[in-house]
Amino acid sequence: MNFLLAVFSQTWRSIAETWRTQLLSLITITLSVLIFTFFYLVYSNALQVGNRLDNDLRLIVYLDEQPDANLQQEYQHKIEKFDQVERIEFVGKLEAYDRFKGQLDDSQDVLKDIPKDFLPPSIEIYPRRNLESLSRIKGFSEYLETMPGVLKVQYGREWVERFYSFIQLLRVVVFLSGSLLILTTTFMIGHSIRLTVFSRKKELELLRLVGASNSYIRVPFFLEGALLGALGSTAGIAALYLLFRWIKTNFAGQAAQGMFSFSFFSTSSVCMIIVLSILLCAGGSFVSIRKILSV
Amino acid sequence: MNFLLAVFSQTWRSIAETWRTQLLSLITITLSVLIFTFFYLVYSNALQVGNRLDNDLRLIVYLDEQPDANLQQEYQHKIEKFDQVERIEFVGKLEAYDRFKGQLDDSQDVLKDIPKDFLPPSIEIYPRRNLESLSRIKGFSEYLETMPGVLKVQYGREWVERFYSFIQLLRVVVFLSGSLLILTTTFMIGHSIRLTVFSRKKELELLRLVGASNSYIRVPFFLEGALLGALGSTAGIAALYLLFRWIKTNFAGQAAQGMFSFSFFSTSSVCMIIVLSILLCAGGSFVSIRKILSV
Amino acid sequence: MSGEEKKLTMIDLARVSKTFPPDVHALADVSLRIRRGEMIFLTGQSGAGKTTLLRMLCGIDCPDKGYIEIAGYDLSRISGGEMQKLRRRIGVAYQDFKLLPDKTVAQNIAYSMEVSYRSRPFIRSQTEKLLTELHLLDKQDALAGKLSRGEQQRVSIARAVANEPELILADEPTGNLDTETALLVTQLFRSYNEQGTTLLIATHDQAIYDFPGSKVIKIENGRLAIQKPPTLVKKAEGKE
Amino acid sequence: MSGEEKKLTMIDLARVSKTFPPDVHALADVSLRIRRGEMIFLTGQSGAGKTTLLRMLCGIDCPDKGYIEIAGYDLSRISGGEMQKLRRRIGVAYQDFKLLPDKTVAQNIAYSMEVSYRSRPFIRSQTEKLLTELHLLDKQDALAGKLSRGEQQRVSIARAVANEPELILADEPTGNLDTETALLVTQLFRSYNEQGTTLLIATHDQAIYDFPGSKVIKIENGRLAIQKPPTLVKKAEGKE
């Protein structure tokens, strides 16, 4: 009872006396959490963008004759022998004609005099959307061309390559910046905590000398660290959320319907981040005093 | 002469005695420069990516009749009245047929029996590649549809929107992270310098008390700061260059031929960055002692 | 040493040595027994080893060789928690004061009582009483760092005695005090001694120990030299 | 005051006052003239204002009111550069020593000489000479923070006199020293005085100023009280 009272009054007093310096630590933590979560958010959304952008990726295999059900199965078999694919679609001559007509829209009249089967039938292959299968797409297309009855294999080679390298590059950049930032923030928070502890080194030493027990000295630091972590991470996440709303309303407008579905962290992730920050700060404080308390 | 000797021996002694703590500052500066230049590089390359990705952006205006030279000029005039454009191209019926034939490649035979003028003539309009003109593209397309003789206006609406919002988002993200990082690195370097100066506060005070002149005290700090800045920024840029090479060889391979032309800073930019770091660190040290030297 | 005698002993040193690098023999073979309730003065030239001895008695330093027992605890075997409890029973006035310059005088004095969970009213009344006795009541709320050295020294003494310790160790407690102010300190120490507190005071100030019946130990280059009365210091004995 | 007299004057104070918040009148209306080559002792109870006076003489603090002149310079009008040059001509032994604990004894002493661009051999020989006189030669390469308080005090005195200043200000220079060691310091000061150096020594230690012909000033609550001989202190005058 006495102990708890003493510890709380200690904590309270130290906060009241040092809040100006603590503010600096708080800003550090807030900034760190903000930066860290910002990158995490960008990274996780970037991964999703990658998954959506390549929905259009497909190989079109033009055939010289309309395949019957048997042949279709054979083709399917052969294709799947080479690589796992997401989906295979057979497009007959008439289907192709309808599509073309659909594209011409108002000017469908121009097709009036043309036989409905002037377009070749085709197979549309949607490969697995991952980077390994992409790296093999050229080989895939060459393999498909060797199949009997194949006129030509077409795919948005240029686009595919652009996209994948772009997305992959984006991932690498985000990942690298994230790593650099984690390094920096760890450094900063550690530094900040060490500074706080160090600025009170004399007081801690005196407490040891007059016989304060270990917990009497440490618990206030632990509580302060936890409080800082809680406040800092909450502020950081709040700032991130505001930023997120701002970006979403101002920049992701047109994209929102389409390929991006920007999402914030789930509530449980937010809680995790806050709890982690609290543990980190409290733990950091705790460990830092250890060294000083070797008197 | 005496002064210079004293100052250099002072500087040398202080470096020899405190290089362990200075190492921390050096790492801070290196990290900061690395992070900062990394983002700058990403940002400037991202802008370029934006400029290349949209080379494919165009509006296709299908016409019901092949326009003669007069009409062409009239169209051109009307189009340019609405908005500045990059380029306008007239595609005649035969040209359209040739293109279509080219696309069919090996299966050109299917076109054998079809009249060569079954495709409508069109105008291809390449708008200015900037965000304002993009935001008006819908209006542009509607305007074009009101022109006489226009069957249909087509453009990769979805793609255009996707791309632009994506690139714009990328820019915002990179810009925001850059700002956050500049904030953080400024904070860190300032902190680091203040710490260095503070750790020698007692010595500086003593120097004042025994009658050292201002320059006797400041010049060594200035030199040290400059040295730190030079070493730190050089190390940071060197690290960035290694990173750049690594990314380029490992991830930008396929893209290198196409849309990205990854480029590092020019030599003069590198020099600028180093000189700026030196000035910043030296100046920071110089200013920091000011406060202490008010004894 | 019998159990009875052990109970009466506050400080027991046996052949204690301490060497600092490179080869400063700060203490060499010091054996000493101080009974409860005694007031002993420790003298010796500057650099003789007085502070080193006192630091070992409150557990800041450890001896290289030898055996130290305080209030029945063997300092080489004591656990961390017990050491801290023991420290609460010892009041130390350090030669360099160890005051916190950014705290007020009252706060500085309160530190030694707070760690023993003394009640607030007790802390307040004790602080006021001591500051009155040391003529510092008007400085109660001044920052310790702003005081004159002599005032700081008195604050450090007040902090040492505030928690009513069983043992008071004072290192040069009157070095920055004029004769009159030093007298206040001496009187304070005497009154504690009369209540049964053991005191060990390291000092150069002949004025405060030059009275009939005073018990003085002199250190010379880390060794016990003269003592007055001569029976005070035990013969060197092996580790018991 | 005639020009001749002005040349002979080292320290000139006219109605100097200093008040610290909240309302500590550390100095009140102090007028004082000390001629070159004199050795003056400044005494007074703890908290009387001795340190405050010395701090103002070396320009660390400014008086609230009054006029201070050192070696012909009016301290209220002196420029920063001139103040620094003047400080090189004044050696100060502070009451709290102001040593750098992480530097060796020799380095600490060298500071006062390096700022005057003294040559290395001079610095070395001067350091050795002073340390020998103060019985500290074996501590030359020890870190100042590791020394005993008395040793530190002597180092701070050595630093104060090392640059052969015209004026030496010493604040309680023997507070942590035993009688014999204090004698070394007194002798050092005397020898400098004999070479013409002016000395102002704040002290509580009656032993070092209780000799025939000594000149003693006493401060009481910030005011000059007794002086010996009585002619020493000038009458309070207005600002000249």
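Here are a few things to note about the model shown:
A, B, C and D label the chains in the order they appear, each numbered from 1.
Convention: contacts are C-beta pairs under 8 Å (C-beta built on N, C-alpha and C of every residue); 3 or more make two chains touch, one makes a residue touch a chain.
Owing to the predicted nature of the structure, the values given are computational and were not obtained by experimental measurement.
Chain centres computed from CA atoms place C at the largest separation from chain B. Rounded to whole angstrom units, the spacing between the C-alpha centres of chain A and chain C is 63.
Inter-chain spacing, taken between the CA centroids of chain A and chain B, is 22 Å. Centre-to-centre, using mean CA coordinates, chain B is 68 Å away from chain C. The touch graph of the protein chains shown is a ring with every node of degree two.
Of all possible chain pairings, those that touch are A-B, A-C, B-D, C-D. Here chain C touches chain D in the complex through residues 20, 43-47, 51, 95-96, 146-151, 153-154, 172, 175-181, 204, 206, going by the rule given at the top. Interface of chain C with chain A (complex): residues 58, 60, 80-81, 84-90, 92, 98, 100, 111-112, 114-117, 159, 163. Residues 27-28, 31-32, 34-35, 38-39, 42, 49, 53, 62, 64, 105-107, 110-111, 113-115, 118-120, 151-152, 158, 161-162, 164-166, 168-170, 172-173, 176-177, 180-181, 183-185, 187-188, 191, 195, 243, 247, 251-255, 258-260 of chain A touch chain B in their complex.
For chain B in complex with chain D, the touching residues are 2-3, 6, 202-203, 205-214, 216, 295.
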